[in-house]
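What follows is a set of structures to go through.
Same chain, two partners: chain A is paired with chain B first, then with chain C.
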Partner chain A sequence: MLELHNRARQLLETQAVNLILGYGEGHGDEPRPVFIDKPDTVTRLIFNERCIQNLAVYLLKPEVRTQGKIGIVTTIPVSRSILQLAAENQIRDEEVVLLLVQADGKVSEVTRFSELEGLVAQHETKIPAPDQEKISILQKKSREERWQYWVNEFNRCIKCYACRASCPMCYCTNCTVECNQPQWIPVPAHALGNLEWHIMRVMHLAGRCIKCGECARACPVDIPLHLLTFMLNDNIADIFGQRAGMKAKPDYVLSTFKPDDKENFIR
Partner chain B sequence: MPSFEPKITAFVCNWCTYAGADLTGTSRIKYAPNVRIIRLPCTGRIDFMLILKAFAGGADGVIISGCHPNDCHYTSGNFHARRRWMVFRSLLDFIGFDTRRIFFSWVSAAEGAKWAQLVNAITAEVKKLGPFQNYAELTKSGLDLIAENSYA
Partner chain C sequence: MKTKHLNREQLPSFFNAITQAGKIVIAPSRIGDKIYFTKVDSWEQVDLDFISSTLSAKAALFPRWEPLLQFSGDGKMMTVKDTEIPDTETVIFGLHPCDTGAFNYMSEFFEGGITDTYIQKRRSKTTLITLSCKKADDACFCTSVGISPGASQGSDLMLTEMEDGNYYIEVLTDKGENLTASARDIFQDYAVTDKTPYLAEVPLKFDLTPIQEKLGNSYDSPLWINQSLPCLGCGACAFVCPTCTCFDIQDEGDAYAGTRLRCWDSCGFSLFTLHASGHNPRPVQSHRWRQRIMHKFIYSKSDDGTGSCVGCGRCLRICPAQMSITDQLQSFAEVK
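Presenting the complex of A and B:
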């Protein structure tokens, strides 16, 4: 923690950054995001195993953007989000200073994406074992059982869009959900609209989700909606060999193609 | 019990399948009248939401058809569409959506006979599957809404 404080203080004192996004003490056990802009308040920064929220979601907010150069306390999944945002031309190289906290507690300061790519590449991109197990169980069920499972889960959805708000990749200022001519997604939370919303969310994250699981943690009614994006993006990696959040260069799986893409369903 | 006549929506591309279906007509080939054709510029234009909206509107099956690979009027629209469908299908499958009701095919402007065969075969298959009960139940909660506020 001391190392983190020192690094943060140095960055602010030398005006290498104007604002640092990090984790601070929140209510009870839950850390909360803090925004540090003065060197003498860096002691508010904490880091422990509970600091898993994906802070990259704040990077594109106008309130943060207008602050100039930003420092951000990150973990590996958050770093992947930042690389993916870079791949989508949302962040430029050397625009953000990452204070990457490694598993052993060491803090590395990263500004160049090329360096970040190297660090991120050393870590697993597999789906966490408990989630993988849930996915496997679902895949073994019959189609009808899967349908019932998801319809039941989606029935709880209240369309609060916390999943969208918490996701760093959902940064469109004009989301399809708000589009009302035509109205793609009905406004009230009913079975049909909920299904359409969740399918649309996952499809728009296809090939872009870096599997941080923030959407499911943000969900107030505990829908395991991260299983959908996890499954789909692993599937994409298997078929097309592309994973999100590994490179700062544009590499969107659905904006490219191979003439010999293999499928077995087109007549 | 009256026999079930499925409603099938076909999203076709302007350059190949629409012209192919036109050829079916001018060749005087008869085929099942269950299909409602919607012409779009290119298969690359067919958003996955259009497929969902067709089912929400009461379709029992959906056909998506366009130019054969390498024949796209816009060079690569059908290649992009193919990728999107591969991804979309794997998602629908995981959700438990009845993917047997979504049909993809390549029909060129010269394949009038293929179009007739395709529609006949698909109509028979969907007839066998019966009405899309799963989606109809789901839609019921939102149906009034759709009727009141047209999606058009």
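Presenting the complex of A and C:
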């Protein structure tokens, strides 16, 4: 912890960054994001196994961006998010300093996103076992049963959009659900409105989900909607041999065109 | 006020007496790890062992979406048909005092001034059975906003679980009286009893009046920016809140026929205040967060000094960024 505090203090004192984004004590057992702009308050920073919220979501928020250069306490999911955001031209090396916290408490400073590539490559991107188990159960169901399963799950959706708000990859300033001329997605949280929202969300994350699971964690009514983007991510990897959040270069699957593509329609 | 005794084993019979009288019952029911207020058909679906339901019971009066009217026309004449609210009586069973307090606020909001006839009709056909809280968690703060784990205001019938698992019943209104009369033989007369030993302890989290004074002078405080930085701008807090009553009107259909709907909305969304001109009077999240707090504690302040927050703690429990309304209010108290 001391090392994290020292690094953060140094960054603020030397004005290498204007704001440190990290985890602090929150309500009860759950840490909460803290935004530190004074060197003498860096002791509010904590880091432990409970610090799981994907803080990368804040990097593109206008309120945070206007604070200046950001130092961010970085975990593996945050690293993958930053790589993907870089690949999508949303964030540049010079805008962020990463305080990478290792399992042994050591903190290393990263200023070039490409340095993260080696690190994320070492960490498995396999779907966690409990989620894989749920996916396997779903995959054994018939198409009709699977449909019914999701209809039942989406039935609880209240359209609070916490899934969207908590996702680092949902950064559009004008989301499809907010377009009302025409109204692409029905606003009410009725069966059709919920179904169209979730299908749209999932399709827009195809090949972009970095598998942090933040959407499901944020969902107040426990819809396991991360399973959809996780599965889609695996499908994309199987078909195109690429996973989101592995490289800082903008050549991820949705922005890549190859003249020798095996599909005729695209040529 | 009449007071009665109900044997624990008689709860299913009480439930059956209500449903046999043709009333709909909305009660806490478990889905996965969470409790939801939902329409139940049998006592087996009811689960009274909970501190707080994930969503409040407000949807019974103010559904997450509802059709207000149907319209149709031939391009020249338009016919409009209001939605009929059914005459069915509804009983909401197992509300905690905070949620009953929220129903008091909703009545004030939707029925005071210009009456919302849809909600007024539903409310007039709804009977509230409150269950005193025998346990609480550290998100609960009803006592800081003028409610308590045994508060009965607004209830038709109040149940308090006693030491032996049986219930002490307070019959508070004619509607409550009708309910006990429909199952007369299962309720025994009982002496007026002090409920205190059976109630959860909810320690004070803050002193409301001085905080309201501070908030009243804090519209331009820099604290709003710092406090709202973690806010992700979702509507989870508003949608789980039992007293958030904002809605959006939407038309579905085309120029010739369709339905006008009312849907839940939230002041936390950037779209909430976006004008057709493109101007947004609350362009940043700190303005929206300030609106939420100010509305709860200042703008909706009633004669008794309380605002519209009932201290249920749902927003604290579900916020994906762990924002805590109690911690934030406390930080206003500390402003010199």
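Keep this in mind: the second predicted complex is superposed on the first by the 253 of 267 C-alpha atoms of A that agree within 3 Å, B and C clash if a C-alpha of one lies under 4 Å from a C-alpha of the other, contacts with A are read in each partner's own complex, and residues count from 1 in each chain.
FYI, a residue touches a chain if its C-beta (ideal position, glycine included) is under 8 Å from a C-beta of that chain, and two chains touch if they have at least 3 such contacts.
Please read all numbers here as calculations on a predicted model, not as lab measurements.
By the touch criterion defined above, A:Y149 lies against chain B but remains apart from chain C after alignment on the C-alpha atoms of chain A. When the two structures are aligned on the shared chain, A:F257 is found in touch with chain B, with no touch to chain C. Judged by the touch definition given at the top, the superposed model places A:M1 against neither chain B nor chain C.
Judged by the touch definition given at the top, the superposed model places A:A121 against neither chain B nor chain C. In the superposition on chain A, no contact is made by A:I137 with either chain B or chain C. Once chain A of one complex is fitted onto chain A of the other, the partner contacts of A:A165 are limited to chain C, with no touch recorded for chain B.
In the superposition on chain A, A:H190 makes contact with both chain B and chain C. With both structures placed on the common chain, the touch criterion links A:M200 to chain B but leaves chain C unconnected. Put simply, chain A uses residues 183, 186, 188, 190, 193 to touch chain B in one complex and chain C in the other. Interface of chain A with chain B (complex): residues 138-139, 143-151, 176, 182-184, 186, 188, 190-193, 195-196, 199-200, 202-203, 206-207, 228, 231-232, 235-236, 239-240, 253-259, 261, 263, 265-267. Residues 26-28, 30-35, 53, 57-58, 61-64, 156, 158-162, 164-166, 178, 183, 186-190, 193, 214, 217-218, 220-222 of chain A are the ones that touch chain C when the two sit in their complex. Contacts from chain C toward chain A in the complex involve residues 31-34, 36, 54-55, 64-65, 138-139, 225-226, 228-230, 232-236, 238-240, 248, 250, 252, 261, 263-264, 266, 269, 271, 284-286, 316, 318, 320-324, 327. Interface residues of chain B facing chain A in the complex, by the touch rule stated above, are 48-49, 52-53, 56, 69-70, 76, 79-80, 82-98, 103-106, 118, 134, 137-139, 141-142, 145, 149, 151-152.
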